[in-house]
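Below, chain A partners chain B and then partners chain C, in two separate complexes.
Let's look at the complex of A and B:
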């Protein structure tokens, strides 16, 4: 199984429902604080937002873990606390093995990891709540709450999965593909 | 009366450094307890810079020392041979300081053993832990060997000595190449190039190692004319020649980065932005130009004042440059959309400063403590518990 994410940039209305849902579902205890993710100066969630410009128009990207098949964070981790879960293909963190060296945070070219101010250990997508949902065969919260239906989640190895259906129909890109990370997070651009 | 004065002096030579080591450790522990995630912080800051610095300082002195043990150079009147135990004690102390800083930088230092338990061969940090262990073990074994064997025995056991020194040297070269790759393999930070950093770090190893060795050894050699002149001449020669190479490599790094817009985003901050005064004033003017001239003067005139000044400048400028190299390149890294950068505003926290200061107190104090309790000086022999004076 190779679970993957698809985000349709044309459908996204930038309502931030996924950003807030991720933070409140996965890190409710941190959300109660004033500065829940100081490193990003952002919510204690696994999705951050960047806005650039393309031909004079604003261009939005939602950034979370890309579940790279050739993951720099996994190579950098000295203790194998960061690893690729062979059952799902998702990149996970086993916090019990983590020593907090922050190599994975430096290594991730997407800036998809952040340091939990309570534990001083790295966090990333999927958070603890979404991990349970995925283990039970359900979608992560960002996909469930998206009012525009711009997010999909599913198995790349299953031709019938919603992600494959979308990938067949549209023009897609993967972010920073040239770095050789082989991300499993697709952006529909047309 | 004379005896009690001697005892008091000995008590002071052990007690003062011991108290300072404990004070330094207390600062490190207190600082560690106060550590927290800072606003917009980078991931590897002051502590990783300090760790890299001590690691580099430790590497150079083993090169200085290997010239004696492996290549048999003793100095014109055997001066180098007389200083060899001090020359090994210095990198051991520096490595311990590097360990303190890296452990203090971890969020869970007590779980450090997991690096060995779950060893990931793809990880440069995992290899660092292994190579460090081999390196420090080789150094300690070498020191114990030199303490335990008499001059006559050293001649007959020469092969053991060479084997231990060679193991230390090989582990050292691998260690520093690997240390460069800890940074160089991070594709997320364009300012760090692996191949360049390996050469840069190895050159730094020689400059800082010789500078540290000269400065710390002078605390003993100063009172002995022939040793003082030898250290001035020998370390002056090593520093003068390697610092020129360092200057060349530093400018090469700048020129290469100029052709890469993503690397230039941070290099420009160093060369012409907010860090330019530190770069041109401290790193280039003091750390390269002034250090070269003073080291050259020291080697030609055997001037102890000149070598102490050159070494001090090299050590200060070296720290500044390592800090710039590690910290600044993380403060602006490319985003997924071309032309955008993720910007961090790093200022070392009070906790980090406290930990670093504590380690800088431990460094000379532990060296002095070793000099007081171990037979490291010429002619000293172990009398207690196999290795103690």
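Let's look at the complex of A and C:
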């Protein structure tokens, strides 16, 4: 199984429901204590927002863990705390093995990891709450909350999964694909 | 071999069972979907996932009231908000997602407070009795001197259903809401062209539309049901016309940047192209609009009373092309849309009459695309493209929502609605459609029972006419702006000038006039002159600093309410269920209880007549008995109106959170049911406007609401809503990071002025002189010559908000707006012009 995320950039309305819901669902203790995500100067959640402007119509990108099949964070981890879960294909962190060396934060070309200010250990998508949802065959919170129907989640190995349905119909791109990371986070662009 | 999803799910079947039954989240694979169906049918486990229990309710972070589920953790704390799938107005947006931060927000109002020095926010916590008795005593004094009408109440969406009740409770007509700074101009226009009411009364059929034009409107703010329908409609092409690119513009949406305040010129130009290129729906116009009505030189329609002694003034005459005779529109077989000719009146005089459509074309001819280009900054070719696309794709122009911007907005919306009428795309799939009424009962209505006039509440209490007080007196805003729905600026005038009579006491319930209304200085000056100012709210507002009493209201997560579903074309009702009790240390009470308890102490006979028993002073008894009685009465009324079983309705609302009473039926108005316009038709030439002394046709007028920017350092300052903010949501912790408190400037302007992204500048209102410092965001999302700031997101001034709190950053656009109100219509204008000084 290779679980993947699809984000339809054509439909997204930048309402931030996914960004906020990710934080409230996964890191409630940081939320209560108003502890931000120090790496991104952002709320304690796994999705950040980038607006690209290059003279034309501004473009939006939502960034979170790309669940690379060739994941630099996994290669960089000295203790194998970062690993690819064979059952799901998702990149995961086993915090019991993590020594907080931050090598993964540096290695990730997407800047998708951040340091939990309470534990000083790295965090990334999926957070603890969404991990439970996924283990139970459900969508992560960001997909569930989207009012625009711009997010999909599913198994690339299942031809009938909603992600494959969307990937078949549209023009898609993967971010920083040229680095050879083979990410499983797809952006529908047309 | 790779693990199949099917096998993986098998591994954790027990917990899946629990999760799916409790969460009913949409599974992410076909396998999951099948599994979910089986498990939901079994319903064998009630073990909540991760210790969360989910409550179906509707959101109250803004006035849209979308369907949501709130997850509460084992400690009783709201943790996550998810959409309520299947709800006709499914949530949710960024502000709804911030709701978990609201419940125990450190700034939440916790106890009643009395202000020991107005304006300085020197508050002292007091018990409820002290606060309520103090307010009641002052009210009695005011009423004895100035009458009940000296009391005014202003509000927004919270508790709005009960406002007519409060009017009778306090004997005052002056319940005056926020709408002059929101949809008022559009709502008057909807009434005049289509005989419709507030923004949801007519809406594009987003899920079936093929081409949607949003002028000054963004679907990414509030009404997430509408947004969901539009964005999941795969065949829909969207164009937004706006000086700044709204959030929806990030998607596959064409953005046309327009010069602020020129929307009517743009729309009239589209009308010109539709008429000139014969792209209108002639059949619709002939039968269902007043386009063929003949208009006399005095601007009035030609009626039978004009040509025949004793004729009917309600019989509007048209020229029947079938036989070349003048006839009542109702009996003409082929009304001529373009007739111009001489008519002999009953006194023998002769006048030249023209059809309403001819007059509209004459008006629109002033805005040929090349002319409109010079006014709007939109290329003539783009105007023609939008017009042709609208006609060829059976398109629809949104009727707007928040439109209090430039003073001339009433004409904007009239033009937008007329485009839809010309296209004939009214109450058809994909067109501009009328909402089905939910037949929701009014909280109070005046009836004649046994020959006596009484005000009867939905729960059966009757107030005799002798106790009406000043309810039937003219409202201070209607005395000044006869068509207005609500103009708070007139309340300020009544406080400051005591005309048409003085206002001495003001209740502000769940709203923030300093944030929402223009001309901040005038508001503060008026507050200082009041004898009594009471703020009932959940979080500190800038207005609270000037209040004598600040009373903590409950939040939507803590109360129960049944309402109509707002943003759907279906007739639907929904239930707000209590998710949590107020947190420890918060002694909040429903504003409904607060207002009754003030009245019971000040005017006991009034409270009693409206069914308020002394025992409801006990808050628990109020919740158990009064609210129960209220809900039961509403349910009984709905069950009777729809001829459905009350228990079935009640069970559905409790279990599902909503109940669709009737699906949208197309082709009803104006086809089978007359519109609520004077002629019963869609009026491209508004007879109601004519009667009110307004121009019956829309026109473009340069907005007098602000001095146009001229010098290189002068700009329009426009504003708009954000999908993250309402005046309460703006204080939630995520906004520290995701809230945009900057002012946007186009890169070309920034380069010219030597300003870089992130630089601090000083803005000075050209008309108000108000100065404020703000950070500039250099972005292509705003057109040249224009600055943009989000409304209600920032610039908070209350001393109850800590000095270093993020919401103090940025500007409140209303600081710079000079306070110009549209005559007769009564809408305000929040846009302004400012001077920029680099710091």
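We take it that the second predicted complex is superposed on the first by the 186 of 190 C-alpha atoms of A that agree within 3 Å, B and C clash if a C-alpha of one lies under 4 Å from a C-alpha of the other, contacts with A are read in each partner's own complex, and residues count from 1 in each chain.
Assume a contact is a pair of C-beta atoms (placed from the backbone, for glycine too) under 8 Å apart; a residue touches a chain by one contact, two chains touch by 3 or more.
All figures in this text were calculated on a predicted structure; none of them were measured in a lab.
Undergrad: Between chain B and chain C, whom does A:142 touch in the aligned arrangement: first, second, both, or neither?
TA: So A:142 meets neither chain B nor chain C here.
Undergrad: Is A:172 touching the first partner chain B, the second partner chain C, both, or neither of them?
TA: neither
Undergrad: May I ask you to name which of chain B and chain C touches more residues of chain A?
TA: Result: the larger residue contact count on chain A belongs to C.
Undergrad: What is the contact status of A:108 with respect to chain B (first) and chain C (second): first, second, both, or neither?
TA: The first partner, chain B, only.
Undergrad: Could you pull out which residues of chain A sit against chain B in one structure and against chain C in the other?
TA: 41, 59
Undergrad: Could you pull out which chain A residues touch chain B in their complex?
TA: Where chain A meets chain B, its residues are 35, 38-39, 41, 50, 52, 59, 61, 63, 72, 74-81, 97-103, 105-111, 115-117, 119-121, 175-176, 179.
Undergrad: Taking the complex as given, what residues does chain A use to touch chain C?
TA: 1-2, 9-21, 23-25, 28, 31-32, 34, 36, 41-43, 49, 51, 53, 55-60, 86-88, 129, 132-133, 135-139, 141, 143-145, 147-150, 152-155, 157-158, 160-162
Undergrad: Given the complex with chain A, which residues does chain C contribute to the contact?
TA: Where chain C meets chain A, its residues are 2-5, 8-9, 11-12, 15-16, 18-20, 23, 25-32, 35-36, 49-50, 71, 73, 77, 79-83, 90-94, 96-98, 100-101, 104, 219-220, 224, 227-228, 231-232, 245, 247-252, 255, 723-724, 733-734, 736-738, 747, 779-781.
Undergrad: Along chain B, where are the residues that touch chain A in the complex?
TA: So the residues of chain B in touch with chain A come to 35-41, 43-44, 105-109, 111-112, 114-115, 117-120, 122-126, 129, 182, 185-189, 330, 333-340, 342.
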